[in-house]
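Listed below are the structures to be examined.
Presented sequentially are two complexes of chain A, the first with chain B as partner and the second with chain C.
And then the complex of A and B:
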């Protein structure tokens, strides 16, 4: 029974999230201020998040993190894919070990925490949650 | 043993069948070649489409593999692809280097022109991140083609065999077989007996029927001609036998010579006439016709006759002498007639009897029966001949001596005609003895005689002759009863030709001179030009 209820729950979550994303117009991609990176192109961000490159443009090993509530909005804006597609993408790679999906964090505070404490970390936050003293915004994803 | 090829040449049915089947095979092979081409092209196209489909299937995964340069994922995809029978090799490149490569049957397969290459884009953008190349398995394509072709071959072969066989059967049934039958029948046909060809069933109205009818028409015509020919030959044989009988039994000599005069054939009468074998000339003994007259006075004339006849211009004839038995002369009349082919046909008749009677008749006509001298007719003829000669040869001349017996009439009256005749014969003998053979003595009539002295008008010589004649005539003549009688003679002489000119009245002039001699005392002579 629990299994059969899951799509319904997902739908409810999605509706709730879309309400949140509508309220926050922009998503900011952030890195550690000491990463040596101040700006990134969309492609560079995609390559890191989709596992293609393991390093930031400055050469430091990248450590991407997902913010679970903003994930759907982020990937939709970044690569125009649904979460299902993104999941399917990672599922294909599960056995090769060549790439691993970004670590998932549940709230913006955790993202800020991880990014500000790791030189190679890269994450994303709603624009309003960015604390400029702790992280550097390298790309802003506007709603199309 | 005949070779199959010779059957091809001599047997219409086999040749027709073989040619049709050959044509069918050639056409079949042509179609097959075309079909193989089409099948091959189509098969290739399908193969490419299948490969394209395969690529579509794996595109997403392989895009990801190249995007991430994930060798394991790429190897997995390549392994899956190469398991497909139509794929020979797979090569996946990411960026500039190969991240996966699979070959059926080992590495080293060239990426050739048929290779299907697809650029791979990033799953998340337009960026080209690599490419995948598929090499189709030609042997697989080929085996597919072979399979499809073999079906086509079987169907085509079956179809063409049926069509070819059908055509052969139809041609055999309607064309070759009837022609063969006609040909064989014609080969053994004895047309002269009036045998005919049968009309093949089913061909009554077509070209074969017409052929048979025409041949039968020809046979009819032929038989009619043969019949006619035979009758003609029979008629000719009868006619020839008739002519041969005539030829064999004719009393006339009949012969044929060629242009050279060589005897080609003659009948028994001819053989008898010339003393040749009666069976005709043989190859070894075929004399020339003129040779039969060799040694006779007419040999040249015969040769001449032959020549003139050979030159053409109708029949020629002539009378010729032949040496007969015991030295007598025989006469033959030869008629030569040119016939076709340069030959001449001749008829020879023995005319000796006719010649002889003609001769004697002519002699009688100009001879005085009492004295045996020429008569007046003989004299006239001779006179004309001499005059003619003088006309041709102006230097020629002759003299005419005319004499009349004196005192003859009383003897005739008193001693009788027999005594007169005796006197005339005696005088004739005297005259004839005194002149040359070339001269002529004739009894002109009654007791008148004439002498033609040919070639002379010499008065002295003539006077000599005349005076000696006068002397002898005046000598007594013994008559039957032992008595003697005496006569005299008056001579008149005239000249012709030379200085005397050619006055035609020589007889009148001699007569006139003789009259003058009588008047002048008888027993004398006068020249016509004396006063």
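And then the complex of A and C:
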């Protein structure tokens, strides 16, 4: 009995997983509530995350952080590039001394912690993980 | 791979090394202190021709001829960075490559202090990249580009890899794009290997330059200018110049004067355009070099590369060319005399007329390792001394170079 149920179970799990990935949540770009910024354009976020311009629209220095589990999804939505392309791009900026890559954080809690504690910090989170009392959403990236 | 390229040393080391500055707590946004990273390329280059020795750029003293070699395209770089504050960094980068010494001695590629007081300003002083072309400051970082090596007709004639001086960058968001200007100045500190002669010392030559950039949407445009003011004479040539001035009459004296290196300015007028949208990339660059000396002859050079990524594979096609005018000058010596022949050979050897078509593919294996394969078909209608070594007199100028590289960062 157990033997015949196993394929069915696997199928159910597979269907459930594909449903989850099909309905991927939005990604929210967040800043510190004290940053003086309430919204940003995609170009402004691209400039910061691609190491071109380290400033928030309010004029203060921006310190971007990456959320490692969401990196692939974030850069694919933001600039339509793979992680290998992003790394190759950063290799140029790092080894020519032009810019420093975003600091990498492993989980959403750490992103919330860093962004809510630093005026110039900017990060991204799954929309569901945003805590409105601690960070301000300035842009939402929808899967296209 | 959690961290790319820069890897923090353990906290304990931090505490020991940075007596002045403790490592910041995890809630701090920037990682302070010491970080280490590096890049490298392991290359296998094959030149199928017996008629010329292939070099990657004018700094390589000897090339490869009908052989497979690791020396042409292999490099290793290590970067150490110390971050004093979020606005002040110190960087030292060592690079090992097949260079003017003919070996792989680690050289100090960059060593500078960088101060970023506001997002708009960026000031650096020390040993810096000579940022004359787009991407020229990362031309040894194989992992950062598609080709196995930057197109030789364009990047290979560039005489400097770094300058000892300063640079200043001013950046402003403009409309939906980004505008920036960079100005730099300093002194050269390198030697240019010349075949069968003493290396030409570029040390003491000063360099100034500036470029303006506009990046908007998928485009990046750059217009630039750079000047190298040569300081040293080519000692080996002095006896010849003196003979020209005394025995070659007015014509000889005039030509000798036009061939002098000391005091000559070499100017570059540069245009670069990059386009990147999803998997598609286009690159186009152009440089006109206008010089006061016939030995660094005026030239036009440019290249275009198109690539399209499919999954982990990125095939590309590239075309690069360099040209200069034929130098038609009388030496002042009787035609056919040894002196006349020597002078005419000089003028022939500095002339550029070469192009290369390249077809290749990059395969990204992991997030920081790539494999590349490339075939170059080159045609040197006039083999120039800085573009290759030891061309055979009866060579038809055609050659094929096949290269595979493993490129990585850590």
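Basically, the second predicted complex is superposed on the first by the 120 of 144 C-alpha atoms of A that agree within 3 Å, B and C clash if a C-alpha of one lies under 4 Å from a C-alpha of the other, contacts with A are read in each partner's own complex, and residues count from 1 in each chain.
Just so it is clear, a residue touches a chain if its C-beta (ideal position, glycine included) is under 8 Å from a C-beta of that chain, and two chains touch if they have at least 3 such contacts.
Note that the coordinates shown come from a computational prediction; the quantities given were computed from them, not determined experimentally.
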Looking at the superposed three-chain arrangement on chain A, would you call chain B and chain C a clash or a fit?
clash
For A:110 in the superposed arrangement: first (chain B), second (chain C), both or neither?
second
Should A:51 be classified as contacting the first partner (chain B), the second (chain C), both, or neither?
first
For A:120, is the partner it touches chain B (first), chain C (second), both, or none of the two (neither)?
second
After the superposition on A, what does A:89 contact: first (chain B), second (chain C), both or neither?
both
Based on the superposed arrangement, let me know which partner A:43 touches: chain B (first), chain C (second), both, or neither?
both
By residue count, is chain A touched more by chain B or by chain C?
C
Tell me the contact category for A:101 with respect to chain B and chain C: first, second, both or neither.
second
Where chain B runs into chain C (options 2-10, 38-46, 74-82 or 398-406):
74-82
State which residues of chain A lie in both footprints, the one left by chain B and the one left by chain C.
43, 52, 81, 89, 92, 95-98
Write out the stretch or stretches of chain A touching chain C in their complex.
41, 43-44, 47, 52-55, 59-63, 65, 68, 80-85, 87-92, 94-98, 100-101, 103-104, 106, 110, 113-114, 117-118, 120-121
Counting only contacts in the complex, chain A reaches chain B at residues 43, 46, 50-52, 78-79, 81, 89, 92-93, 95-99
Which of the residues in chain B end up touching chain A in this complex?
61, 64, 67-73, 122-125, 127
Report the residues of chain C in contact with chain A in the complex, numbered from low to high.
2-6, 26-31, 37, 39, 77, 79, 83, 86-87, 89, 91, 93, 110, 112, 114, 116, 118-120, 124, 128-129, 131, 135, 137-138, 141, 143-145, 171, 173, 176-178, 215, 217, 277-279, 309, 312, 364, 366-368, 370, 409
